[in-house]
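Structure below; questions to follow.
Should a chain be cited, it is by its letter among A, B, C, D, E and F, assigned in written order, with residues numbered from 1 in that chain.
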Amino acid sequence: MNMNQEIKELKENELISNVSRLFKEGYRLVQISCSKSDKLQLDYSFDKEYFLLNLRLFLSLENPEVQSITDIYWSAFTYENELHDLFGIHVREINVDFKGNFYRIQEDAPFLNSDSIQHGGKE
Amino acid sequence: MFKLPVVKMLFVVLKSLFTGSACKMYPVCKQEVIKESRGFLNIEPSLCILCSLCSKKCPADALVVNREDRTWEVDRMKCITCGACVEACPKKCLILLPERAGSSIRKQKTDQFNIPIEKP
Amino acid sequence: MSFLKKSPWIIHYDGSSCNGCDIEVLACLTPMYDVERFGIINIGNPKHADVLIITGAVNSQNASVIKTIYHQMGDPKVVLAVGICAASGNFFRDCYNIKGGVDTVIPVDIYVPGCAARPEAIIDGVVAVLKLLEEKTKK
Amino acid sequence: MASRTIIPFGPQHPVLPEPIHLDLVIEDEKVIEAVPSFGFVHRGLELLVGKKDFHQMVYIAERICGICSMIHGMGICYGIEHIMKIDVPERAKYLRVIWSEMSRIHSHLLWLGLAADAAGYESLFMHCWRIREKLLEIIEATTGGRVIFGVCKVGGTRRDIANSDIHGILITLKDIEKDYQNISKVFRDDYTINHRFSNVGFLSKKDAFELGAVGPTLRASGVSVDMRKTGYSAYRHLEFEALTENSEDCYGRCMVRVREIFQSFNLIYQAAEKLPNGPVDIKVTGNPEGEYFTRLEQPRGEVVYYIKGNGTQNLERFRARTPTFANIGPLVRMLSGCDLADVPVIVLSIDPCISCAER
Amino acid sequence: MKALLGIFGFVIFAPLAGGILCGLDRIVTARMQGRYGPPVLQSFYDVLKLFQKQNLVVNRFHGYFLFCFLIFLIISGSILYAGDDFLMVVFALTVADMFLVMAAYSTNSPYSFIGAQRELLQMLAVEPMLLITGIGFYLAAGSFDIGHIVSVGKPLIFKMPGIFFGLVYVLTIKIRKSPFDLSTSHHAHQEIVKGLTTEFAGPTLALVEIAHWYETILMLSFVFLFFASQPVVGILLAILIYFIEIIIDNTNARVKWQFTLKSSWIVTLLFGGINLFILYILK
Amino acid sequence: MNLIMFLILFPLIPAIIIRLIPSERVRTSTVLISVAIIAVASIFLAFSSLQSGCQYFKLPFKNAGTLITVAEIVLAVTFLFFCRRLPFRKMWIPVIIFIQYIPVQYFELSGKVPVPVNYLILDNLSIIMALLIGIIGGLITVYTVGYMPRYHKEHPEYKDRTSAFISTIFLFFFAMFGIVFSNSLSWIYFFWEVTTLCSFIMIGYSRTDEAVDNSFRALWMLLLGGMGFSVTIVYCSLNKSIGTIELSQITAMTNPMVMFPVVLLCFAGMNKAAQFPFSQWLLGAMVAPTPSSALLHSSTMVKAGVYLCIRCAPVLHNTSSGTTIALIGGITFVVASAIAASLSHGKKVLAYSTIANLGLIILCAGVGSSLAIWAALMLIIFHAVAKALMFLCVGTVDQQTGSLDIEKMRGLISTMPQLTLMILIGIAGMFLAPFGMLISKWAVLEALAEKNPFLILTVVFGGALMMFFWGKWMGTLVAVTGKHMNKEKYTGIYEWAALYSLTILTIGTCVLFPLTAVYFIHPYIMTIYPGFIGDPLFHHDNIIMVLIMLGFAIFLPLGFLVHWEKLHYSVPDLGGANVHDPERFMGSMGESREWHLGNYYLNDIFNEQKLLLPANIVTLLIISIMIIAVII
């Protein structure tokens, strides 16, 4: 059943070209997510006829920065603002930029800064 | 039958006007209990061996098992009646009853059970 | 004679609840439970309301909202915290964005346990609140 | 000559069961600009993976939202099972379908009620919820919870429905369906419902697709995408079609949901008929290691879970991209140019579930 | 003397009758929705409770406007029950409404403001039909005087069915029932919280409620005038009309202001206008 | 008789003095003294001849006819003089002047025009008009004295020609008194054209391009109306069965032939009263300084138009032409109200509401029954007073805040309480029940009740619309924003004097309306409808009711002065998104944002652009059909 999803690793500068190609091929933006290990792993998921294609991108933990894809997928701003708020990733040129007020969390980038991933939240 | 669109709702509305309310009339009438319902965590203290498995499994940290004092306590204001403890308990001494805990004016509502030493 | 007891109007605010308690509060208004029997109307406007029903925990953003609503309500007023989240924050109290139960921002009069709190439990809570309301009017 | 009115809408607002905020700029009740804001329900529960083990995470996932909790629980279980290569017993798969569909019916009925209320149709709201309440009774009798089902666990389901009970349940369901039939006609034909829903919140097929709308919002714009078609759980054995509407407006979204309720009833009947015998769970040992994107169909549309395990009790990452989150972009698009009176209707037309969206 | 008695009766009994009617309305509505509903006296409890509440204000002016609103509503009803000029009743009603709108405006709060705008729109929608009703009475009964209208032998409904229909149509607006409860009421909370009344709290809100009772009775009295020659039938029919309004309330979603305005004007023009024309020709 | 001549001629003296002596002190004192004289004279005139019915006067000297002819020629030349700099494509304006003057002059010089016996008329109608001109006009002039210096301080780019302005006002008094007291058509014609001239001068006062454009628009439109007179005069001279140019005789004739001149006169009247399709000049006139808008374009000059129509009313009664004219009035009433509902520019709203109200008066005149005339007269009085008040208030607000936008007047009650109260009284006078206009509307409805259902529809719908836009405006004013900055202190003594007097007048006319009715209006109606015995509808009870309501309306608001105990101040409900400033809320992007409220203008439904053209076309058609029908 792994047939219907695929992960494709990319360099950061290939992102835009790949995404716009997918847009032209009629892929639908499913989600953008991020997870932290020793790097930040960005996943751009696209769907076409129940086939899930993931573009994977690795960013360093210091000053992570990525180009926005909102020029291509207009509604990606929600995901990108979320990336900014939770992971502190600076997304360049978002069309609707909440400037860190998407979730209005008190602490900055909780997912990036806290060690809670391993040891649980505040106690 | 009727092509007039408004008639549909009229039918529904008038029907319920004349058939009386669907209200369960709680608390005037007693609550009907569905026995499968997860409502209230209860312990059979005599069975418990104070192994604390339940409190480890509890996602809501509602249970405190104290071996020294031989107490087992649950905070009703933390318990989400999920039943994880029930499954975890090796002695099957926990059970979820369909009743429910009442409201309170305090933030904590702990029920403490003393676990007897003697095992029958 | 206090008439508050006979016509408590509620306002419901959803803190950061999961909707579970939320829809149960709504369910109280609907045919099966129909709290309008006690004269309760979900008025939705803090200025008119006597009872503030809060479901869910308090997070950094809605704390000010809850406070605002509370202060916009005219005396006498009571606060009913529905659900485990509203009482203690549930397991979300460990999350980075949750401050804890409702009592961290405003005084709560009655807590209703349950996840999700059953409509019956909420009705019980409301009935308890009515008693409180009467006491408060006397004061 | 008209002059602008700038007002806040929410977070506390009687029509919103959940807090969401919009800055509305209106002119003669025409919305010129609507900027949504979020974060009133944000808890950050994804980070709880560090604290709770993956069995407990199922409970937490269920409490992402009390409306679609069943499928949330199922989603995380499904992902973990997939990573751990656990084969869930067939009966459990069918039971999951039955409960998912019940959850869908209850969610849709709830939505229909709220939508009616948003259009100022109080009695319809009441009747929807009256019917929903009957269904909740079945749910409670089978799962033990009214809104939080709590039946899914990694490796199967926690409860079973006795074969002897199934007949009774089906009879009640048929009753409910009949009752619901009347209500569905109202949604279909009522003049004022039409007035409020038709040509409101227009979202063209192209827009819906490009903006990444999901679920009924997408299907109402004529795009047939339904994750159940991927055949997870027992869906591959059941017959159904992804329902679409072509009106591309709130009425279409309403109609998709109205029809989906019937479809769900039908799926439950089918599943109950085919329900195999056997155990409902298998024992799970070990910890998940690996990653997987789970995609299921929630009442509100496609939900995506990204689950990554690292061989410990705790998952490394659990992420849920919920349908409401995906529908926010389209919502913003829909809101421009509508009437003030349409704002609640449009906001509700994506069936927003903020607690899902913000987790 | 008779006039004084009428006024007196109206001032005293209208709120009682109106309150009970509202209570019954709530019960019937609840039953129609499958609920059980509150006690009959619930509206009185509500109002009494409101008087016990704190008087929350944004600024201190709206109380006076609301007081004027109530007074003018009572004046309007008094003119009616004193048997005076029908047009005057309508005008006084307009003034009363205007004060309500002013009250909402004076609070300077977004939701009440929009409520006020919508109330104005509703007045815009209603006013022509009310005046046409008056003129219809004049053509049918030969006088604007209510005393005279009441004493006409045959029920006027036969002469002015169109106007009657139009009046019932706008009545829905006036007694604030769905589908036209745009500006306030228990139902219009969807967009604008409590609309007009958002910022009124406690005693001032109680005034609005009481005024609403008066208004309901006043409106039903308009209906009654069509059957004035048979008082018993008239009262029954007025109540029946109220019941129909409840049904309408429960079988319709709330429409938008555009529809409200356009439809009520069209109804006014068609039914009211044509009826007037026929009355004029027959005369 | 002498008093009448005095009223007509006296204003010329201050006009000349002010024109010649540019000193401000002299100007001010001249204005004050002459205004007082005019007002006293008109009041005296009113009291001396109120009960004496209709009086006619011959002229004490012989050559009055030639005098007027000479004056007319001078006037025509003046017009031409003003047109000298017009671009070529506007050269048709002077052509209009030629077309209308040459035949008349030819007829007059050749003596073909019948010589009137009674040049002057004095009845209650002229008295009412004279009072309005004398008192309200006077007050406006006083206001002008205070207003103009400030106006120029604010607009340094305009050349200060205050003297010319004020002397034009006095010239205008001369013309207005002339109109209302003359009985000879050629006299009225002359004065009529003088008002046109005054209007032209005042509109173009600021000499901006827009002002000049508008002034020429006003000129040609009004001249077009004047054409009605010239044709009438020519027709009356030619048609032997009429054979007179005395207005009183023409309107008393039963001869069907008389219909044509009467319709033409009404045409002129409607033109001056800015009925559709001639409404544009009045709107253009709003560029002028506010006092002139008040004076010329709302309280007095346009009243000349309706005055003429009312004079003709007896002839129009129960004729199809009358109904047509009423129809035009009705359409104007509805459409102008609808347009006013869609505008937020204060002066424009006032302008359209003026047009609408004039439409109502024309409607009454067209119906022409006794009750209708009763209503029309009441409307004239109430409207003149309240509208003048409104204009002056709005002008003051404009000076204080620099904006005429109604939206910007939000919360004015906090910053300028007195002025706002005056505006409120003015507005209430315009449409609220116990106040003036509503009494008239009531009368209109009762007058129309048996006449014509269609006309009734226009009245009820127009009335509702009117309520809508006034309501909005009132509401905007009373919104209490809590910004307590008193801006009123910049208002000068002359302005306050005028404003207060007008306020008192507004309330006074309302309270005393039964007296007005009995002493002013009933006698007049009795002269044209001898059977009239006072209005049966306004019986005892109704009047008492009205007065009770008035009492409430006036005294209840006084409750504001009392502080209510036990109030708990709170902030507005902003859906929980409040920040500490009640005027702001927490916006979506996480910044505090100011909320803002704007009225509804229903632009989808009512829209100046959308409504104006069809209304103009329809009314133009109706007018042409009416005139053609009359000719045939």
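Points worth noting:
To be clear about the criterion, a residue touches a chain if its C-beta (ideal position, glycine included) is under 8 Å from a C-beta of that chain, and two chains touch if they have at least 3 such contacts.
Keep in mind that this is a model prediction, so the values were computed, not measured.
Using the contact threshold fixed earlier, the set of chains in contact with both chain A and chain E is C, D, F.
Ignoring chain F while keeping the rest fixed, chain connectivity by touch leaves one piece. Of all chain pairs, the one joined by the greatest number of contacting C-beta pairs is E-F. The most distant chain from chain B is F, comparing centres defined as mean Cα coordinates. When each chain is reduced to the average of its Cα atoms, F sits farthest from chain D. Chain centres here are Cα averages; for chain E and chain F they lie 36 Å apart. With centres set at the average Cα position, the gap from chain B to chain F is 78 Å. For this pair, chain C with chain F, the centres built from the Cα atoms lie 60 Å apart. Averaged C-alpha coordinates put the centre of chain B at 25 Å from the centre of chain D.
For chain E, the set of residues that touch two or more other chains comprises 30, 32-37, 54-56, 110-111, 113, 189, 193-194, 198-199, 201, 250-252, 258. Along chain A, residues 98, 101, 103-105, 110, 114, 116, 120-121 each make contact with two or more other chains. With touch defined as above, residues shared between interfaces to two or more other chains in chain F number as follows: 568, 570-571, 573-577, 586, 588-590, 595, 597, 599-600, 602, 604. Inter-chain contacts, as defined above, occur between A-C, A-D, A-F, B-C, B-D, B-E, C-D, C-E, C-F, D-E, D-F, E-F. Chain A makes touch with chain C in their complex at residues 103-107, 110, 114, 116, 120-123. Contact residues of chain F toward chain E in the complex are 410-411, 432-434, 438, 442, 445-446, 448-450, 452-454, 456-457, 460-461, 463-465, 467-468, 471-472, 474-476, 478-482, 537, 541-542, 545-546, 548-549, 552-553, 556-557, 559-560, 563-564, 566-575, 582, 595, 597, 599-600, 602, 604-605.
Per the touch definition, chain D reaches chain A in the complex via residues 35, 37-39, 42, 44, 46-51, 82, 209-212, 225, 227, 229-230, 293, 295, 302, 304, 306, 308, 314, 316-317, 319, 321, 325-326, 328-330, 332-333, 358. On the chain D side of its complex with chain C, the touching residues are 11-15, 17-19, 39-45, 47-48, 51-52, 59-60, 63-67, 69, 110, 113, 125-127, 129-130, 133, 136, 145-148, 353, 355-356, 358. On the side of chain A, the complex with chain D involves touching residues 1, 4-5, 23, 26, 28-31, 33, 35-37, 43, 45, 47, 50, 52, 54, 73-79, 86, 96, 98, 101-105, 110-111, 114, 116-121.
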